[in-house]
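One chain, subunit A, links the two complexes that follow: it is found with subunit B in the first and with subunit C in the second.
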Partner chain A sequence: MGHEWAIRALARSVATDRVAHAYLFTGPHGIGKTTLARKLAQAWQCAGDNRPCGACPPCQKIARDRHPDVQIIEGVPPRYDFDKDPPPPPRANDWERRALRIRQIRDLERGLARAPFEGRWKIVILRRFEESEEEAANAFLKTLEEPPRHTRLILTARDASLLLPTIASRCQVFALRPLAPAQIERALIEKYNAAPEHARLLARLSAGRLGWAVRAHENRARLDARNRYLDELNVALSEGRAERLLRAESLAKKSDDLPELLETWLGWWRDVLLIQNGDGSRTTNVDREDALRDQAHRFTTEQAQTTLQAVRATARYLTQNVNARLALEVLLLNLPGK
Partner chain B sequence: MKLSCMQDNLAKGLSIVSRAVASRSTLPVLGNVLLATEQGRLKLAATNLEMAVTCWIGAKVEEEGATTLPARVLGDFVNSLPPDRIEMELNVKTQTTHLKCARYDANIKGIDAQEFPIIPTLGDGKRIAIEPDALREMIEQTTFAAATDESRPVLTGVLVKFEKDKATLAAADGFRLSVRHTTLSEPVEQPISAIIPAKALQEVARVTGDQEDPIVIAVTENKSQVLFKLTNTEIVSQLIDGQFPDFTRIIPTSHQTRTTVTTSELQNAVKASSVFAREAMNTVRLQIAPANEMGGGKVTITATSAESGDNVGDIDATVDGEPVEIAFNARYLAEVLNILRAPQVALETASSASPGVFRLVGRDDFVHVIMPMHIGK
Partner chain C sequence: MSQALYLKYRPRTFDDIEGQEHIRTTLKNALALNRIAHAYLFTGPRGTGKTTTARVLAKAVNCLSDGADKPCNACAVCQAINAERMLDLIEIDAASNRSIDDIRALRDKVDFRPGESTYKVYIIDEVHMLTPEAFNALLKTLEEPPPHVIFVLATTDPQKIPATVISRVQRFDFRRLTLPEITSRLTEIAAKENLKVEPAAVELIARQATGAMRDAISLLDQLTAYGGDEITLAQVQGLLGAASNQIVGELVARLAERNIAQGLALIASAVDSGADPRQLAREIVEYLRGLLLIKSGSGDALTRTAEAQTEMTQRAGQFSADQLVRAIRLFNQAAFELRASAHPTLPLEIALVEATLEPPAPSGVSSAPRTAPPPASPPPAPRGSPPPKSAMPPPAKSAPVAAPKENFASGSVNAAMPITVEIVQSNWANVLARVKQSNRNAEAFLRSAAEPIKVEDGVIVLGFQYQVHAERFEKEPKWKEVVERALDQVFQRKCRVKCVLAPERAKRKAVEQDPLIRAAMSQGAQITGIHGA
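Let's turn to the complex of A and B:
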């Protein structure tokens, strides 16, 4: 689904067997990098005629991450003990901090010294390589430049500029672009049985990331959280100073949710600005259009713009270890009022 | 799947395959043992993707089928059962296997056998037959010298070469080298050379205990796997990719002194010295003196520790050539003396800074080279 140009280029390389030894797929989380990597791995390992056929045993094993020669490697949580702890669970959200450690690269290299077990190739998909520690990335350079025979490497990352230049330059880069909202809407309705209204909202909220939209569709928690965040914002707008200070305190307690909260608020103010400037057709929060219009009238363009920038600045402060409560207090007090 | 087999057979089979079970893996099915009916027998298999062990045991099959069960749970349970007939029945829907033996019952939850990796079988590859005792001795005399640290994957393996009627195993870890040859009863048509992980070879040596027929070795066409076929067991190992160092260049071609000693005497003296060597980077010194008017040739083995003290041990030796003093790592000496299986051993040395070469007296099928340690004066 989507990324037709990348798929066409990769399909050509599979058909003609002119394959790079390492690929790098970049794009925002949930855009389909790992999905594409799995598809490519299927094409390489497929036993059928029309590669990837999706029906042969290798294809099916890869789809379920059960193929012995297709390994997906991801960072581990901080202070993870490789010898004692059980394998880490899948990450809870996109903001969870993890790091790819040098130990994982060493284990990987040991595995690559052996020939593939049942497939044609030993394929390694290294997800979110921007999370690798610097020494892990450096340790990986040698393997990345001259992988053992039988080896194919696929890296994914949010952006090539977040990697060491020495890593990016050793890979063939495919920068995946966001899909059109209409495309996501159609996919949600046709393939995932989403209600049209629901699909429309998710497609807008996803910012072109099909993976995000599908996960939000399958797990209501994300949408619920987003609604909660917007409610917080709307209530705060009608509150006085003392109440806002209390609200900042209670929000700051759930520090894990803050990046998502701020991103939701950022989207909201973007919509307000869009309506104020007469471009209401491109808003994201389509389910709350009344509230958006109301605020677009109530506040000036300048107010909306300042707030947007303040939200963005707060998000940046939080990554720079600023006290979350103080940052939120400042942000909330500066929100436009009645 | 419905079958019955004897408890002792199953316990033995499980202990053979259990060494290949991967306990910590991202693929949960690798922690399981495959159980499948095959031509009126029960096939047990386990793999950690580096090595796979398959074992067949006698069973009365009533209904064909296959499943995988957690190795630890199954192994521990079967070991605690009385030596009686075990009845097994798989519920395909729940992937639960019911075991019944005497008055014990158990239901073990498993994973679909489809998830289990496909274990390669003996294809059309070239086959070599070798006597089990000879193979086991060769493995024991080389694998201990392979590297255990993974920084150079090639050195964690053993080079196995077959050429005409000669088989060679060689292992090295950068500080020592062990090479062993043997003669094949049937010459091979084309030379074969492969690097087999030392762990897999040790496993082969372990299961050859009661093997009587020759072991068949096959290297698959694309040279990615090697298979050892025993009567009821097969071991498949991934080969290590890469180029093994040219070990013939490491073996010194000349020597100044050749010292022959009784293996057990040297073994004891090294053992005594290693008590003190432990705290001094494991260094033991060998002072080799040829026979003179004072008496016969001898080797003096010493170790000195700044903290706990020192010791001196003398053993008789036949020394040809110049006197020399050389130091070795006590552990390396102990390990090579341990696997010699010969009453006499010869040490060839050139100087205190060049490698020491251990050979068997009257035989030329074994060479062991140890790099010396620095002697500070």
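Let's turn to the complex of A and C:
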């Protein structure tokens, strides 16, 4: 689904057997990097004719992450002890911090020295390689340049520039791009039985990330959080200073949510600005059209613009270890008022 | 599996190496004069030829041919190295073998004479990853290796190499390759591989590589794997997610017209049809930079067609230089933010919106959260104090106060001016600076223990938080003298000080630090009293 250009290119390389030993798929979380990596692994290991057929035992095993020659490696939580701790649980959210350690690279290299167990290749998918520790990335350079025979490596990362330049330049890079919202909308309706209104909203909010849209469709938590963030904003707009200060205090306590909160707010003010400047057809928050229009009237373009800048600045401060409560207080006090 | 093109076309002689003139000439001369150093350090960005040059050097020093043109790539030694079966060329990956034990193992073997050639050549790649102990263990060997050994250290990160290592080696800095150097090499490889590549496609590949040959050749390789033997500009754009120049030009035109709606529509349609938002942001920056260069009269420095040149010259006229600089900054910021933003297009859209609108008046919005209250509202004066600040005469120009570097907090001080507690407070830092010049201890003590709280009949009253501090100050007559002298100088008159105990000052200070209260005070509130704990 989507990324036809990349799939066509990869399919051709499989068909003509001009395959590189290392690939790097980049793009925002939820855009389909790991999905594409699994598909490619299937194509390489597939026993059927129309590779990947999706039906043969190797394809099935890879789809369920059970293939002995296809390994998916991801970072571990901070202070994780490989000898004592149980395998780390899946990530709670996109912001959770993990790190790929040199020990994982060494284990991996030992494993690669052996021949494949049942497949044609030994395939390793290294997810979120931008989280690798510096030593780990450096230790991986030589393997990445000239890996053992029978080896194929697929890395995924948020963006190539977040990796060591020497890593990215050893891989064939596919920078996956956002899909058209209309495409996501269709997919949600046809494949996942979403209601049309709901699909439209999710497609707009996902901004081209199909994986994000599907996850938001299957698990309402994301959408609930987004609604909560917008409610906070809209209530804050009608509040006086004292209440805003209290609100800042309570928001600051959930510091894990702040990046997403600020991004939601950014999207909101972008919509307000859009309507003010005469293009209501491209708004993201289609379910709250009325509130958007109301605010577009109530506030001047200048107010909306300064607010947008203030939200951006706050997001930046939070990455620089500024006291979250202070940053939010300044932001909330600077929101336009009644 | 076919061999990667960048491995297949690794240069085998000095003349094959594209660019790096300065290094090639130096090394060739050293070879001709037989003045080969025993240790080299090759530094430079990725894909500029460090490892390649190291291997060519290894061949050249061992080459058996008589001719001047070494390496010959024909003799037994050259062929053995090309086939990677030469035992006297030892390549070590320092990132994987970075410990002191690895270096000791190396040192133990260094003394053995080479088997089939004149020199044993050690290439230590990614050398910046060695641990400090490993570097130190290497020092002695690096300084005086056995005569039959040559070391070549290669790294992308020379800052991480200890100075003691750098001073023992000959250092060569590899630079990024220029656009013509990369295009000429790509065209050469394309010809050898029987590929038909559009010149515009070659140029886009070369641009994308930003000076790294390996990146350029990898990209070409990738395109041949997917596109077949004919490579067009559209294919390269498709793979990279690059927008056509036309779209970028149109976007900039909308920017000039200040048409947000159409600008955003353009971005959306470009992204829907497969452009990469980050790539798009970078292309816009590149285009705007072109306009800025044209505006500043150096536009011909860029390579482009005559049509594009006319179009850009015309467009450059629609912007002021300030606007361009601001827009470049905004889109550059967007390209940077897109790396980590969860939303794939938002930063780009916001950059467009902001670049289109006039910058808002600098009304203090979005300034960094401060840790001190805004200077506009000093703490209210205690009861019974002299008239408020507004009664202060304008600062005099002639304040003949000499030197301390700190500026006065609020204008200079004039001898004729009645002294008020506000003036003392706002110049207190300045007073302390003078105290510091004559007595550091007094300054440190005053800074933490006391502050001026009022002025009574021309006597400046210092409030102490604790009894012990006040007593200590009284016991040191010299300190008092120093403070008075400093006050004399700053305020241009004879000043006297008095100590009192003022415990509620501390409490007030703590209260003032509270963000809620600070925010209230910045809105004009005053503290009138403190109740409770």
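Please note the rule applied: the second predicted complex is superposed on the first by the 338 of 338 C-alpha atoms of A that agree within 3 Å, B and C clash if a C-alpha of one lies under 4 Å from a C-alpha of the other, contacts with A are read in each partner's own complex, and residues count from 1 in each chain.
Simple rule for what comes next: contacts are C-beta pairs under 8 Å (C-beta built on N, C-alpha and C of every residue); 3 or more make two chains touch, one makes a residue touch a chain.
From a predicted model like this one, the values you see are computed outputs, not experimental measurements.
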First, second, both or neither for A:Asn234, with subunit B first and subunit C second:
neither
After lining up the shared chain so the two structures overlap, which partner does A:Ala180 touch, if you call subunit B first and subunit C second: first, second, both or neither?
second
According to the stated criteria, A:Gln71 is in contact with first (subunit B), second (subunit C), both, or neither; which is it?
first
Superposed model, subunit A: greater residue contact from subunit B or subunit C
C
Just to be sure I read the superposition right, which of the two partners does A:Asn93 touch: subunit B = first, subunit C = second, or both, or neither?
neither
For A:Leu162 in the superposed arrangement: first (subunit B), second (subunit C), both or neither?
second
I'd like to check the shared interface: which positions of subunit A are touched by both subunit B and subunit C across the two complexes?
109
Going by the contact rule set out above, which residues of subunit A touch subunit C in the complex?
5, 8-10, 12-13, 16-21, 27-29, 31, 94, 109, 135, 138-142, 146, 158-159, 161-162, 165-166, 168-175, 177-178, 180-182, 207-209, 241, 245, 259-260, 263, 266-267, 270, 273-274, 277-279, 282, 301-302, 305-306, 308-310, 312-313, 317, 322-323, 325-327, 329-330, 333-334
Residue positions on subunit B within touch of subunit A in the complex are 24, 26-27, 29-30, 47, 49-50, 114-115, 117-118, 120, 150, 153-154, 197, 222-225, 238-242
Show which residues of subunit A lie in contact with subunit B when the two form their complex.
57, 61, 66, 68, 71-72, 87, 106, 109-111, 113-118, 148-150
Within the complex, which stretch of subunit C touches subunit A?
1-2, 4, 7, 45-47, 93, 95-96, 98, 125-126, 129, 156, 212, 214-215, 218, 221-222, 224-228, 238-241, 260-261, 264-265, 268, 271-279, 338-346, 349-350, 353-354, 357, 360-361, 363, 365-369, 371, 515-516, 519-520, 523
